[in-house]
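Read from first to last, the chains carry the letters A, B, C and D; within each, the first residue is number 1.
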Amino acid sequence: MQEGKLDLTISRLGECRIPSPMPGTHFVDDEDHVLYDNNLRKIQEYLKASKTPPFFEKAGPRAKIYFDPAKLKCGIVTCGGLCPGLNDVIRAIVMSLFHHYGVQNIFGFPYGYEGLSCRHKHVPVELTLNSVARIHEQGGTILGSSRGPQDVSEMVDTLERMKIGILFTIGGDGTLRGGQAIAEEAGKRGLKIAVIGVPKTIDNDISYVQRSFGFETAVTEAGAAIVSAHTEAKGARNGIGLVKLMGRESGFIAAFAALAYNDVNYCLIPELPFTLKGFLEALEKRLDEKGHAVIVVGEGAGQDLMQKTQQLDASGNIRFGDIGSFLRDQINAHFKGLGKEINLKYIDPSYIIRSVPANAHDSAFCLLLGQNAVHAGMAGRTNMVVGDWGGAFTHVPIPMAVSKRKKIDPDGRLWNIVLASTGQPARM
Amino acid sequence: MQEGKLDLTISRLGECRIPSPMPGTHFVDDEDHVLYDNNLRKIQEYLKASKTPPFFEKAGPRAKIYFDPAKLKCGIVTCGGLCPGLNDVIRAIVMSLFHHYGVQNIFGFPYGYEGLSCRHKHVPVELTLNSVARIHEQGGTILGSSRGPQDVSEMVDTLERMKIGILFTIGGDGTLRGGQAIAEEAGKRGLKIAVIGVPKTIDNDISYVQRSFGFETAVTEAGAAIVSAHTEAKGARNGIGLVKLMGRESGFIAAFAALAYNDVNYCLIPELPFTLKGFLEALEKRLDEKGHAVIVVGEGAGQDLMQKTQQLDASGNIRFGDIGSFLRDQINAHFKGLGKEINLKYIDPSYIIRSVPANAHDSAFCLLLGQNAVHAGMAGRTNMVVGDWGGAFTHVPIPMAVSKRKKIDPDGRLWNIVLASTGQPARM
Amino acid sequence: MQEGKLDLTISRLGECRIPSPMPGTHFVDDEDHVLYDNNLRKIQEYLKASKTPPFFEKAGPRAKIYFDPAKLKCGIVTCGGLCPGLNDVIRAIVMSLFHHYGVQNIFGFPYGYEGLSCRHKHVPVELTLNSVARIHEQGGTILGSSRGPQDVSEMVDTLERMKIGILFTIGGDGTLRGGQAIAEEAGKRGLKIAVIGVPKTIDNDISYVQRSFGFETAVTEAGAAIVSAHTEAKGARNGIGLVKLMGRESGFIAAFAALAYNDVNYCLIPELPFTLKGFLEALEKRLDEKGHAVIVVGEGAGQDLMQKTQQLDASGNIRFGDIGSFLRDQINAHFKGLGKEINLKYIDPSYIIRSVPANAHDSAFCLLLGQNAVHAGMAGRTNMVVGDWGGAFTHVPIPMAVSKRKKIDPDGRLWNIVLASTGQPARM
Amino acid sequence: MQEGKLDLTISRLGECRIPSPMPGTHFVDDEDHVLYDNNLRKIQEYLKASKTPPFFEKAGPRAKIYFDPAKLKCGIVTCGGLCPGLNDVIRAIVMSLFHHYGVQNIFGFPYGYEGLSCRHKHVPVELTLNSVARIHEQGGTILGSSRGPQDVSEMVDTLERMKIGILFTIGGDGTLRGGQAIAEEAGKRGLKIAVIGVPKTIDNDISYVQRSFGFETAVTEAGAAIVSAHTEAKGARNGIGLVKLMGRESGFIAAFAALAYNDVNYCLIPELPFTLKGFLEALEKRLDEKGHAVIVVGEGAGQDLMQKTQQLDASGNIRFGDIGSFLRDQINAHFKGLGKEINLKYIDPSYIIRSVPANAHDSAFCLLLGQNAVHAGMAGRTNMVVGDWGGAFTHVPIPMAVSKRKKIDPDGRLWNIVLASTGQPARM
């Protein structure tokens, strides 16, 4: 039983009765849990109030499984924007299904949820050990991707017709909501289809998941652009290097890039509004003192400063104003107004960052994520994602994962440290 | 109060009475803890037995500090072999002392503990914001390093004479023991000297610390050698690529490299003995089937197979037999005996791996480690290291950190997954 | 004496009478030449017509020099946009002046020709062995740069006042014209000031110079963007990756990138006009057949398709229309008109490419360029640049180097091979 | 007609009568030549003596070809050690044969000349556009390689039986001699088999060829080891970094690495003997002054200092003594004898260097080499290699290419500049 609104209970398709075919494995006990809080004081508070402290179900192989591997057919789909590690996860799922359980029928649905919707006439691709053997050496996704929802009923029709037992959905917020809808529709129809998500968010902004794959690779790759921005800024009088990084609603990439790369003087994130006046004044002051500046801005920052477009993209997200070119133009206009010559170079490395292969750490992480997704599916879990918490892999209900965005707390420790690193004013 | 032998209590020089000079900071409360176990069941067992579950003191800035920044002098020393991130940690300590607390007198002792020992006549270097500004862009340590212990009394003499208040020691097992000896000798003399360690182990083998800096960079760098070994192995008939990686007592680098780089067929680690016969038979079988093989061996693996040297290195460690060239010779001899031509290429990339700069993730991690080391020292903690546990930074008593090596459990989950990745026999 | 308009004669300040202080050196004889043509037939034609075939003066140290090193003061200036290798050239000049000749007074003028113009009040920086020791490890230029001309008289005033004997100008077309003006003005005033240029053109478009520094590094760096564009293109239905590369008037970077990176399907260069209709039809055809496409466009390509801006940049060049965003918009509009969904990702990596440090090959090349510039200056040559021809270093008169742009011949071998690599139509 | 012993005449199988199927191509005229000397004075000397100056036949497509593409079968073989770019050359040959001429039957012989020798029972692999599409992204050779000669008669039997018209041999000195033997044996048998070599020498030591593929990549990769050696040397008291690089008979890699990487203090090459005494004294002096040193040694250097092994490797080359470990041991012993503690780290990165994929510049170069090899073969040339001279591609008779090694002249300009860079004594 879980506390308050924090319902971390995982849905199950039914009882696990089939012995696992994994010899010599240390199985995870269903009673193994991972505490939500690792702070002793908070745990004691729960206990004083006679409440069970909230916890996650622990991920890993179970001694008894739900599906019969010999009869099982599985599907994999990748949705939304590219992220380093997509191919690693696909490969890990295929290899784990085959090597750990002996599942032989695995299909990739092309171009995201389009591939599940018959109207698009994409043909599912059979995935084999051979076809996935070296895909992790390339960025992107061999399955292709697309944005936006498809008709749920049509997608479940496809799964039903193909007799898919487990659908692995690799994607972000919208994809997971789509997975939830599929799981619920399948449930209504009485179909035993497990929907297991692997949360893909290069922004690292999915709740109840401490780290998402591709994030570290993205921070590393962002470094090339920041170093360039710094070199350009130093190479000209009143040089300004402006780098736009990913981060629609959460500025984790910008913040960690500022920590990892010392040359960032201003880090602007979606969580912390700023005024143009305050920012431009601070910038002017720095140029007067130091003669150059490096600015990193998350794509969702400063949206209130621009006229709202109200356009939606294919995923149904509001199309953001382009804060990068907005800032570029505002800065140029400001200093032109002051009669002060500046040299601003604007760099938008987003597509370069997100399309690289995963680095070693992310690659190993994707391997484990994919394996734990398979273990969860084989054990009949559904409507859940594989998470990472306190160093352990966990099961997280999709409704919890999409309930809110994980964000940087502008009053918290991380942001405190970023401010200390950049030396920028706390409020602008 | 802590449970059983797991004494995680941190020593303090005295009461903290000076208000911290860090405005707008969210201070850590001394009553904030990080649980050693995050498994609900284990916590409940402690409580049933009316025991407090074991926990770490949480790292971070305190509202009241022990040292008066205006009068404080600090020292930094780096010991043992190179490790990616050393310069990042030095830089983070200097910047945090200066920016967070206003400490102005910071000295680097050259060439490890030699620099503290007057007989070596090394002159301490003053460290300034300017002198450390870009050092993190280069591998190695600007302070230089050395192995092995020095006379404790002589080192404390130096600290006493220079009126050092906090000594930051960045090093491994032996270095930390040295730090403990210094803290104890200082205590005996009634000197208020805090000794704060930042655990440096490229092998990631220090206990009660989940992750040590430089480890991820090392795994990433190991990849170049593994890819080369695979290319060489595929480029010749019965090609064998043999790569020796770091790992004296623990095979974490070899194991994670095998997870991150798919081409490894045999991963040999210190924790799991093997027989030459078993290994060579397995290798022979693979060559017959696949025509090539890639072997990764941790430097401490298979030591029982070689004649013991009994030589000690400068750090007092037993000088290991060179398992890499031993295996190379044994494999060559074995197949020569069989009249079977093989093409073995042996790669030892250790110095290349350990001397690179930290990657972005390690670099940000070092920044936080260094800052937390400073916060701990300013708050009068001593005889401790900064650790990483369940996603939080912690204080760990040196005696606990050096009490045993962290090792891979040959019957545990990690090794299970490595075996599945390489496809090698569980026992050879 | 040289043939026709190809006047390759190098100006000299006067006779070389001072013995070179370089012991054990193999000096270049003033009668050593490098033939302009290495085709036997052409040489024979010249000789039949009783003409001397055109040739370059060979670069290198002379046994007798013009300047007295003990009294000489030198200046260095870097102008125009960043280019990999700028710091290598600065460093090579300083080290050669000092080590080869013992010149001790070397000044860097900050921010390009601004630094020579007293109205900008920039203070010259003294350059020492120590201050340049590691600058080649960073991109950009430690001297800073600026665009555009300055008053020639004012610049010569500065040189005269500072008693500069050799001015090394590292820059492109405009910079070299500026250098020529300085040399001529100094000549009029009877000043013995040598002006030696090191041609800097990331586009590799300076005439009578086969290879310019930074070009190879740029082609290599362009690869990351092309691989990303390909990954993005493959990751979506009807995916299009569009990469804008440097190349104002010459498409060498785009062409060599297309040769080095196989995934380029369309290479558009300034030298070869194309119609939007032809290009869009070819693109449409490819998408129908292959489902994705990668386009590389040099920044000066297709300028006739856009409305002329007539704006000039600070260097006095016509500000180009942005062919990258123009093509992006045209392609999107075209397929929207057709009711065909495409996914276009536009990448502009220019600032990232040009700000990286030189790769090993360029770095060694810069070292030799810088040394030969010093040898030329010490031997009293002026109004010339150091060139590279047929594997040898040469002296090229500035008037020849800036007489026309080096361009790709759309009917020549190189373009032939590019067309074969991309498979694009010869005319669009 | 050629001068003296410099016979650069290319053998031909017969007259070219078939019109080339390459539309719109600028064909090379058989009367186009590339002068051996580009020094006007030397050319004039020849002419005064009524001699034709020596020249190479120019490479490139001919208007008339010898082989009928529809009936032609071709073979490719890669021999000797790995070198960056091997797969690029294979791919370029296959693509050029197919795209330029429409040749459809192309076979790869596995494992070098073994693949041509029926006793080894290797089965030739059919090479298609598809099978070579992405091979250039990986190091090594997809065909595999082997060392050493095979029975010439047996190899020609295979070619005769398979009706191979052109054999492309990619390899070094020994491989080219093998190619010559095949060409001669085929000639004796009256077989019309063209043997076209692409010279593969990572050491860049083949005569009459200015640049060989893979060399620049090798110099670049060597940098990582040199930077590591420097970092290790600086990180310890009396630190010495010792790096062994490739270079059996010629030290070009070591020399260019010393130019590209500033931290090298001693560059030892096969061309320049040194005494242990002289070297150790110089090293001792430097340690006393600077406290650290970086040494780069080509593998063929100092062979006279070691006891000759007289062993031959599979290629019939004398197995070299390992100068790297020899120097390591000698240096350690010398300073131990002096009672002076040093810290020497020895790095041998050879396999890592040679197994990487080609960099962009080498990759484009390999493309052009492969195409020119195909053009030469289609035009019925034989017993020749494709060379690079003064910026043009050329045909070089195999007997000339293998007549002697290209070496660094210890009294020449290149070595002069290396000495100036390292600061080492001219003779030790």
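Just so it is clear, a residue touches a chain if its C-beta (ideal position, glycine included) is under 8 Å from a C-beta of that chain, and two chains touch if they have at least 3 such contacts.
If you're wondering where the values come from, they're calculated on a predicted model, not measured in any experiment.
The chains in contact with chain C as well as with chain D do not exist; no chain meets both. Farthest chain from chain D, judged by C-alpha centroids: A. Taking A-C and A-B together, the chain pair joined by more C-beta contacts is A-B. Mean C-alpha position of chain B lies 47 Å from that of chain C.
Averaged C-alpha coordinates give centres for chain A and chain C that are 43 Å from one another.
In terms of their C-alpha centroids, the spacing between chain A and chain B amounts to 30 Å.
Pairwise, the chains that touch each other are A-B, A-C, B-D, C-D. Across the complex, chain A is touched by residues 24-26, 31-35, 38-41, 43, 47, 52-53, 55, 58, 60, 99-100, 133-134, 136, 210, 216, 219-220, 222-223, 256-257, 259-262, 359-361, 363-364, 367-368, 371, 389-392, 411-413, 416-417, 420-421, 426 of chain B. Contact residues on chain D toward chain B in their complex (touch as defined above): 82, 111, 114, 138-141, 144-146, 224-225, 227-229, 231-232, 234-237, 241, 345-349, 351-352, 355-356.
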